[in-house]
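My questions will all concern the structure given below.
First chain written, first letter: the chains are A, B, C and D, and each begins at residue 1.
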Amino acid sequence: MKTVTLTVKQAPELYLECENITPDTFAGKKADEIAQLPAYQGKEDTTLGEYFTIAGEAGATAAETQIILKGDCSKMKYIGIKMTAGEVIVNSSTDMYTGGWMKGGKLVVKGDVHSFCGLGMEGGEFIIEGNAGNYLGASYRGDWRGMQGGIIRVKGNVGSDICTFMNGGELIVEGNADVHIATHAEGGKIVIKGNVNRRVGGQMVKGEVIVFGKIGLMMPGYKYTKDVDLEVDGTKANFAEYVGDLGERHPKRKGEPVYGKIFLKK
Amino acid sequence: MITCRSIKQGVGMEAGKTSQKYFDACSIIEMHADDFKKLGIWKNTNVKVTSSVGSVIVKAVETRQDLYPGLGHIPMGPWANQIVPAYTFSTGEPCFKGFPVTVEVAMNEPIMSAVDVVKNACGLLKK
Amino acid sequence: MPKVVTDVTCPFCGTLCDDLEVTVSDDNKKILSVRNACAIGSEKFNHTSLPGRVTRPRKRQPDGTFKEITYDEAIDWTANMLVKSKKTLMYGWASTSCQAMSVGHEIAEKVGGVVDNCATVCHGSSLIAIQDVGIPSCTLGEVKNRADRVIFWGCNPAHAHPRHMSRYSIFPRGFFTVKGHKGRKIYCVDCRHTDTARVADEFIQIQQGYDYELLDAFRTAARGEALPDTIGGVPKEKVYKIVEDLKAGRFGVIFFGMGLTHTLGRNHNIDEAISFTRDMNDFTKFSIIAMRGHWNVTGSGQVLSWQYGFPYAVDLSRRNKARYQTGETTSVDLLVRNEVEACFNIATDPGAHFPIDAVVSMSKKPTVTVDPHINMSTEISDIHIPVAMVGVETGGCAYRMDNVPIETRKVVDAPDGMLTDVELLTKINERVDQLMGAK
Amino acid sequence: MSEYIIRNGHVFDPVQGIKGDKKDIAVKDGKIVETSALSASAKQIDAKGKSIMAGAMEVHAHVAGPKVNLGRWYRPEDKLFDSHKTPGMTRIEGGKSIPTVFKTGYSYARMGYTFAMEAAMPPLYARHVHEEIHDTPIIDEAALPVFGNNWFMLEYLKNHEIENNAAYVAWTLNQTKGYGIKIVNPGGTEAWAWGLNCLTVNDPVPYFEITPAEIIKGLIETNEYLGLPHSIHIHGNNLGNPGNYNVTLDTLKLVEGYKAKNNFGRKQVMHATHVQFHAYGGDNWGNFESKAKEIMDYVNMEKSITMDTGNVTLDETTTMTADGPFEHHLGGLNHLKWANVDVELETAAGVVPYIYSPNITVCGIQWAIGLELALYAKDPMRCFITTDHPNAGPFTRYPRVIKWLMSKKARDAQIKAFKNSDKVVAATNIATMDREITLYELAAMTRAGPAASLGLGKDYGGLKPGMNADIAIYNINPDNMPSDPEEIEKAFSGVAYLFKDGKICVKDGTVVDNGNKRTFWVDVKVKPNKQVAHDVKEKFLKYYSVNEGNYPVPDSFAPHPYVIAVDATQ
């Protein structure tokens, strides 16, 4: 695996659109070619070279390419978007769409990420060491295809509307979450180790939400069924199982309706 | 706290944002009678309303469109927006309705005009 | 000899009443009287003849005062601002004609603007919800002719859409609703006992911020499932009873307003309301309609959609693609995140209606405001360009809250020498072409 | 205006019966002229090894209006990563299944189309339709107002008052700047206003007590009483359900005994649209099968019918129709976002996204049915190619449909690609059909045929001197047809040249001129009719939500009209 290191030389006046910072675009390119890759700020067409000093070179394929970002990237959008393989490590916070529509490989952000990150994610591993904003692992507006696969792990807290229209994959949050979790979900699994404000699993058709802490208020469409023992992310514990959203349509398997499930640690 | 349209606000707006009509219609807070008692506020006197983002002086009045105790209403407009949090939950919609505020007596503090209240916040008001 | 202009469309709210009769002086300069309009509508027409109206552009001076300048100076300043700025917020459009919007979009496509309209702080959440789950709806005439169950949820037409109830939703007699009000059952869900609640047969006072839960309860009840004892302060018995009432109707309709779009959950509240409406179509006929505010905010959404495919918050800053993401390309977020370099406001007043943080951010950037009258925005702008009032001093197409297009009419002449939105934008567009060609 | 002479091209023109012979085409002042009429200054265009046809005509597509635009804005995901701008004079284009107005105009032009018919205009929303038509570049357009569920019509036809109905239709065409009579799910859409439907031609309409059959016959009589350029244009009852081909045959048979009366050379009295959706056998999705042959046997025999196919293109698309109950039904099947709009006194519309997946047997069968219809057609002048855009697929896929029609090799490859190809083959005849549509037949199915059916045969759809100079030149050589079917798709995706009104608007697949787009509409004169005038006034006073005075489409909405005058006073 070869490594490309990008170090921020100047912060953008507005926000920099960095959809070209992915192993797939870098693959097979030398530092000077990477410096020529376009980046955008409003109507100003610029290059990555304008904003980063670039060292090292990419591997022949995405899988053989590691990208390391140094300096403050908190005003950089689209880092690691649509990446299919390889590795991206960001040593700071990033802005919107980080890891959007990610298909494979590994993406690590050592700071916070803003909203719309991991949007429509299909595969790979996305690790956020700080907090995440809203719509993490959700779908793009209007799309019914949210997170499809892969895994997102957040060490800190997450905002609202996480995993809207989730169909697969897994999200693990070590901290707390705000409102609207797994709305319209039709699959997938969400683990929240902290507390959740309100509105967990609203309009959920299928899928699982596991909460270790408290839920501010349970949706009226959920009903308690039984207690179950589960092992979740290495922790064994006893959980209360709720099914719902009973106000929502549900598919049938062998004549039996399939519900979304909330597991609340006792 | 909620901020809504009212017909007076609408008429005032069309009469001109600098008009007395608009001032009278929008530089107020409507509260439940119990809250007047609880907070020791006299009707039709000025109060200071404070939220997480700022505070504004408006006149406290009772309304026929009853609210339940603990809920206040300032008609939409520059006064209300002094205290509306800009956080949008990534939807574009700020928190116009449903944010916590404190209301305290401020009888002797004047209510600024629509223009001044905005200019003041923008640091454009010549003192 | 005064003349009467008939079939005049009222340019105030989304109800777009088109039966006004305006009497004007024979020289077409003064409005003498307005018939059929509500209090707000009449005020709008009378406003034209108010004294002290600004009829020429004004530029703010270092000392904060405004100095009159010519239209050409204002146009040149504006064009230069647009060409120079990397990314410009072009906000408003809700109180002008579709024809004017088209010209504005052409400019935005050249200079890299973000075109956003008032939906962004009004019914944007409704549009997001519709993008997520669709919407079973109908025109207002259908309500008048068929509806026997009418729900007002988080809206107060008595104040915001004064003639809505008499023209469409509560009182009128229609083809299949010959009994008028008597034949309809009216429900009002709100956290305040509003004047609309006063005319309702059933008032459901909900705790502020629990609409999503209550709507979910309605859906759960409609499927005959169990509920907790109270939801948002509403006893479950009441929920079950109302749902049965609604199922028993022939044609139901939900009107909702900013009580849903502004409270916690925003789009989710509407999403759940729409889903409830969809569910009810398994039992009877049900529709849902958003109570759009500004008279032509719907039109702005329509034009943006047929030209770019998105109803608001359309980001053209890359100039070779149109993008849309509420929470990113929406005005308040752009301003609070300082993601734009300049602001161009037209036909609306963000100064009065945006939260103060956004207004402050705007006041720190080069800003031009195009509006017939002085308002909060003009006072924090570098330039204020007054124009003729659309729907009063010039015509143009507008879209009602149910998307029905209605032509607004010119009833009087604008003060001498004043430009219309279309004329002004066309001139700015030409100036932009010159400047970019020169580059 | 400039003159052109197009040399050495292979001309395909059913109007003159030219089947690919080399022939020079002369263009002057927007018209096709005799070569002798050209001056020496005429510009030369070398079309050696290329095929020349008249500009293609879209007979049925949803390209402008309220439901199209709803489909646009409520599907932002349809534009995700699909918004772009080609350098030059064009605007930003976007949308996979429902292109923006700019992409719509440009895409049609790039494929060699010069005319498109908006297939369903709710009269109350006519102003919206025309605003979009106005903003759509290059191509000429017209729109068909919907009449099949209209209260005036229901009341007049219930008492068989053809003259009154005709006066009302004439009034509406004039108010809405409409082109002809569209019928969508006759009676069924009015029933939908109560959540019901009419699934056969004999189901009575609630309250109005009239049957779809009576509506259709009454509107045929109305259409021929007025002598409109186009016939009634019908989307029949029970669309999209297994076993509906019987209802379709019942509908088609209603033409028996009627003769076309008009001065436009139109022969048919009924145009049946997107027949693919109406040619289904079986009684559930399990035993779903093709009945294309049964339908085409009748159509081939009955000369007073024209039709279009509605080919499934196997894409993710957005269905939209004035058939409200069908969209409700479809939303229930695929659980994707359902939108509906009921329009007072007139019609309704529904919108639902849909994915025609090659992995789903039913979709494969639908794909086969669409192609079978065209391949069974004996008279290409009466069977036209459409995708009922965007219902069976976006119109931008015409090149692919043409490939499948012109190449058995391409069809077999697609059949093989289906997940359950054996099931698809078992439920259809497509695998056994060897016919390959020729370029000449194609010219009939996409040019001369549609033009004649729309009553525009005199000026459009051909290359005869005197006709309008709408000309498409394709990079395809009949003397040396490509062995690789993909080459066919490529050739029809981007014209070498497109002339619109004698002006070059597209060159080598790139738009170079916005042309001078026109709006076609039909202005019918009828005897003054007190009864209808009174009914109109009354209905606006009592039931409409807009004033009569605000109903008509102002002339400013169609600044470049092509008005077809019809005198029905005799």
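Convention: a residue touches a chain if its C-beta (ideal position, glycine included) is under 8 Å from a C-beta of that chain, and two chains touch if they have at least 3 such contacts.
Keep in mind that this is a model prediction, so the values were computed, not measured.
Here A-B and B-C are compared, and the pair linked by more C-beta contacts is B-C. For the pair subunit B and subunit D, the distance between C-alpha centroids works out to 56 Å.
Spacing of subunit A relative to subunit B, judged by their CA centroids, is 39 angstrom.
One inter-chain figure worth recording: subunit B and subunit C are separated by 22 Å, centre to centre, where each centre is the mean of the chain's CA atoms. Separating the centre of subunit A from that of subunit C, both taken as means of CA atoms, is a distance of 34 Å.
Counting partner chains per residue, subunit A shows two or more touched chains at residues 115-116, 134-135, 140-142, 179. Residues of subunit B found to touch two or more other chains are 89-90. Of all residues in subunit D, those touching 2 or more other chains are 74-76, 78, 336-337, listed in ascending order. Viewed as a network of touching protein chains, the structure does not reduce to a path, ring, star or complete graph. Residue ranges on subunit B touching subunit A, taken from their complex, read 89-90. For subunit C in complex with subunit D, the touching residues are 6-7, 9, 18-19, 98, 102, 109, 127, 130-142, 144-146, 167-168, 174-176, 250-251, 278, 281, 284-285, 287, 301-311, 316, 319-324, 397, 399, 402-407.
Remark: subunit C residues 12-13, 39-40, 43-44, 47, 50, 63-64, 120-121, 124-125, 128, 156, 158-160, 162, 191-195, 205, 207-209, 258-259, 261-264, 266-267, 293, 313, 326-328, 330-333, 336, 349, 351-360, 363-364, 373-376, 379-380 touch subunit B in the complex.
Note for the complex: subunit C touches subunit A at residues 85-87, 111-112, 128, 131-132, 212-213, 216-220, 222-223, 225-228, 231, 264-265, 268, 271-272, 275, 317-319, 324-328, 337-341.
Considering their complex, residues 13-15, 17, 40-44, 96, 115-116, 134-135, 140-142, 165, 179-180, 183-184, 199, 202-203, 217, 219-221, 223, 245-248 of subunit A touch subunit C.
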